[in-house]
Amino acid sequence: MLTLHGIFPPLPTCFHGSESLFPEKMQENIRILSAFPLAGFLVLGSNGELVMLSEKEKAATYHAAREAIPASKLMLAGTGAESTRETIHLTKEAVKAGADAVMVLNPAYYKGQMNTETLAGHYHAVGDASEIPVIIYNMPANTGMDMSAEIILNIAAHPNIIGLKDSGGNLAKMGAIIRSAKKGFRVLAGSAGFLLPALVMGASGGILALANIAPAQCCGIVEDFQQGALDKAQNKQHQLIAANAAVTRQWGVPALKYAMDHLGLYGGPVRKPLLPINKETKKSLAGILKDAGIGPFETNIIF
Amino acid sequence: MLTLHGIFPPLPTCFHGSESLFPEKMQENIRILSAFPLAGFLVLGSNGELVMLSEKEKAATYHAAREAIPASKLMLAGTGAESTRETIHLTKEAVKAGADAVMVLNPAYYKGQMNTETLAGHYHAVGDASEIPVIIYNMPANTGMDMSAEIILNIAAHPNIIGLKDSGGNLAKMGAIIRSAKKGFRVLAGSAGFLLPALVMGASGGILALANIAPAQCCGIVEDFQQGALDKAQNKQHQLIAANAAVTRQWGVPALKYAMDHLGLYGGPVRKPLLPINKETKKSLAGILKDAGIGPFETNIIF
Amino acid sequence: MLTLHGIFPPLPTCFHGSESLFPEKMQENIRILSAFPLAGFLVLGSNGELVMLSEKEKAATYHAAREAIPASKLMLAGTGAESTRETIHLTKEAVKAGADAVMVLNPAYYKGQMNTETLAGHYHAVGDASEIPVIIYNMPANTGMDMSAEIILNIAAHPNIIGLKDSGGNLAKMGAIIRSAKKGFRVLAGSAGFLLPALVMGASGGILALANIAPAQCCGIVEDFQQGALDKAQNKQHQLIAANAAVTRQWGVPALKYAMDHLGLYGGPVRKPLLPINKETKKSLAGILKDAGIGPFETNIIF
Amino acid sequence: MLTLHGIFPPLPTCFHGSESLFPEKMQENIRILSAFPLAGFLVLGSNGELVMLSEKEKAATYHAAREAIPASKLMLAGTGAESTRETIHLTKEAVKAGADAVMVLNPAYYKGQMNTETLAGHYHAVGDASEIPVIIYNMPANTGMDMSAEIILNIAAHPNIIGLKDSGGNLAKMGAIIRSAKKGFRVLAGSAGFLLPALVMGASGGILALANIAPAQCCGIVEDFQQGALDKAQNKQHQLIAANAAVTRQWGVPALKYAMDHLGLYGGPVRKPLLPINKETKKSLAGILKDAGIGPFETNIIF
């Protein structure tokens, strides 16, 4: 059984200026990032603009990513959709493409009806239908709902459900889940802003937007932590908080893509309604990255 | 230019037991409901499980609905998606099918980036691309975000954007929009729970889940209001509040579909993760409908 | 039994520059406002900075208000506190001062424990202890919690509890309460932004910050409504929305006090941490008042 | 200058059955708890029912607490009120009683007006007026508002403001504050549910409801952490999460007081509207305490 640990960047999906897929650029990013001690990659998470892509484009993206992701690194594929049938359909596409696990965002449009019964029913049906393990994805800032520890533990009882990416940042909830979940179930921090606190609470790694642009620092926090170098880990953690906020909560995917362009990867355009960040924000962001010690990839690559 | 007024039921999408589309049943519902003085129908709103359908199914549903909707009634088609390009794509399908207007739910996944600039950009691009008028759809309970009067007025400045369905229920906001929007722009109540207050504030009608099962009463409130029979209107309004809450906020689409089955229309199954309401809830709901004076369609039809 | 109807301004408490009470100025305001067909006055509501005053100052304010409020007008006294014992203590002070009813804001600090049992227990204890009727005050924007229709109906079952001021603006909830509450129980709109919608839903009046500066217009909406002049009422309602937002949600008590100064009443200083509005806001506010047709009191007084 | 570190229990205020103060019982609790390596005590925090007490009772409680708190332990006194003047008045009472520092909950009733300017103005005025250091208290679950890192850093610039108790649990925010605040400024976790994550982020201790009933375990987490025994610390942290939730968010002060009675301290009655927990909850709570390894004080005292 797959045991999740380490750092995974949630790859942005690359587009041409026309907004059509530009998979070669995503593949280039993967190749550059693969030089870092990352555990693998997430394709089509929130930073991959999953909700922006057609069904066909999603399948094409899974395949393109797998081609570039080395066998030594895991490929996690985001396959969540509002309906169980569509989620299963996408999961089967991800399996065909060679993903190692799928990550399933919870349905959230019918918030009033999303309770233990409907959500466990959903995830268990996906778990039954999937030939590869399933990871739960809790992302309150985007879905507008926060799955409780009780709901997550109910979902986690299924044998094919192996972990949770939690972007909510409620550390007590994370601890409650880690304490009570079955053996082998792993929790991954969903944001670099609380990576170190999550590790000390028992999380085994993180799926972090910031790992696309600061892979060395993100992996460094895990390494320092494992070696008991808490002061060094804390220092790195502190340094990353503002940069993480900038490319997530504050300015989002457009800022992450700009940062990638700025640092020597391919970020490229976002899909509308998202808009590129403006000149002033670009300048602020460049300053924040510098302050965080996040430099261009020529430098970082000598890891 | 199309001017919106009157009552529109947001039709549930009908499924077989296998969850595949059952368009004939939706067409039967349309035929039965067309006997009432409804202004038209909304296809693929929240009650139409829009987020559950594939692109193909959406197109098929537009076509099936138009076949059954009489030329004397308007067909509004829900075409909102997270990306502008997908929204435009669906809008073109709705035009092909013969819709009279499209209703566009706002993108809401990237909440942090959804501001005046991105949202006006989105709606204006759709307005430009659409051969038929566009209606804004604000649905905070499902999207987890509530577009402000300022954002809505910015969107509404586009000549091809003709109205708003507001399910938020903030009457002061509704009044502010009605006061300041361009001539001809119309606001429709998004829930039967506040239909009469919306009318007195200047709304011209409503798109109401409840109009699927209580069309006579919903139309009656508008009629009473227009004739100045406020006591009668208030009485009807009071009577509908609990039934409306039951089939929307409280138990949602599964309850609406059960109520339709219960009253002689076709409700049928929901798509998972939604689940049918249980026995106990069915009983409660039947009582609530009775208390609201909502009876089977044999009776109502002699309107 | 007292039956609530009509318009009540929630009087600001007046201070000297030193922030000490300046009751003579509140009395002057009362005298000027008493020329309008207001039903009465609320002393120590949210606009009365109730949470800013010491116990002694509250008692003094009740007494000063009663001296100035004509016998023909009702005096409602805000006596809500976090503890039941303090609420009862203040209620007895209000009775001594000659208030006609007390208005009790719900305790809200221990939000997690505020449920039907604790809240009904609280209000019923106050109802038992009070020689004058009790009005429930629901104010979600300030308390951070919104009492449900179910909780309010439970509280309202007590014979000495005669009404509700609801500032939440959920019209469906208001309708549900009006439909189910005992005979004689009255609901008052808590904000001028939704006065007319509340009236059409069955509310009998309002306790409105705006009634301090636009008493004629607020009373006019009720009058127009009662005479079936809905277009005139709607027009007045539309006109007041922006001005109401400005002196409540947007800029709050400091703006209301500035507006009073600006229009020929006494607003005066606020208590810290509140700060006077700045120059720019003053200018904006003056424009908004003008746009709303809210003029100086020399004009308005010839009602 | 005082530097905050270690664990502080926020003492419940003790009442007779009549709800009148029973300071002797609080003093007994202090004496029992003083045997543990606690850094000191907080008097009149949220668990001290601060909002339930009259001004006189607050002063009396400060004095009673100081009599019992050994000179070797710090006394922090909660003095927050909605007005700046009342906060200063209570702060002076706390100084007279011999408190070592005051902890000031932010005003929150006029949420719409509580911004950097008003809040920094408030805290700086208190800082100026106070002869002893001031600690900021951010408690979103009770106040209904969450002060941002930016606001807190603005407040923290004042030389007499030495720390923050943050009960919000946003670890990234905590890290941002710790990174940017002046030298000597200390952050304390406001809840035992995230004590260890807060420590790893740079917090120097905690003010924890749970420290009233599990002082050994709370102090043990800090000790283990300082000695680099992270596995032991994590184990203790996991064990305490459910018990902490039970006596805070879930069942609140009534549960904390029952737990104290249950474990050999004096909890006693709460003030209404709070109600004692019922039989069933008592049984559940006893089970949760047992599961957390929280035993009676005869055992724990041999620390």
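Think of it as A, B, C and D in the order they're written, each chain with its own count starting at 1.
As a working rule, contacts are C-beta pairs under 8 Å (C-beta built on N, C-alpha and C of every residue); 3 or more make two chains touch, one makes a residue touch a chain.
Just so it is clear, the structure is predicted and the values come from calculations on it, not from any experiment.
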| item | value |
| --- | --- |
| Co-neighbours of subunit D and subunit C - touch as defined | none |
| Listed pair (A-D, B-C or A-B) duplicating the C-D contact set, over half by residue number | A-B |
| Farthest chain (mean CA position) relative to subunit B | D |
| Turning angle required so that subunit A lies on subunit B, C-alpha fit (0 to 180°, nearest 5) | 180 |
| Rounded Å distance between subunit B and subunit C, as computed from the means of their C-alpha atoms | 36 |
| Chain centre separation in whole Å, for subunit C relative to subunit A (CA means) | 49 |
| Shared-contact residues (touching 2 or more other chains) in subunit A | none |
| Pairwise chain contacts under the document criterion | A-B, A-D, B-C, C-D |
| Residues on subunit A engaged by subunit B in the complex (per definition of touch) | 19, 46, 51-55, 82-86, 107-114, 117-119, 121-122, 125, 141-145, 249-254, 271-275 |
| Parts of subunit D lying in touch with subunit A, wherever the complex brings them together | 169-172, 175-176, 178-179, 191, 193-194, 196-202, 228, 230, 233-234, 237-239, 241-242, 244-245 |
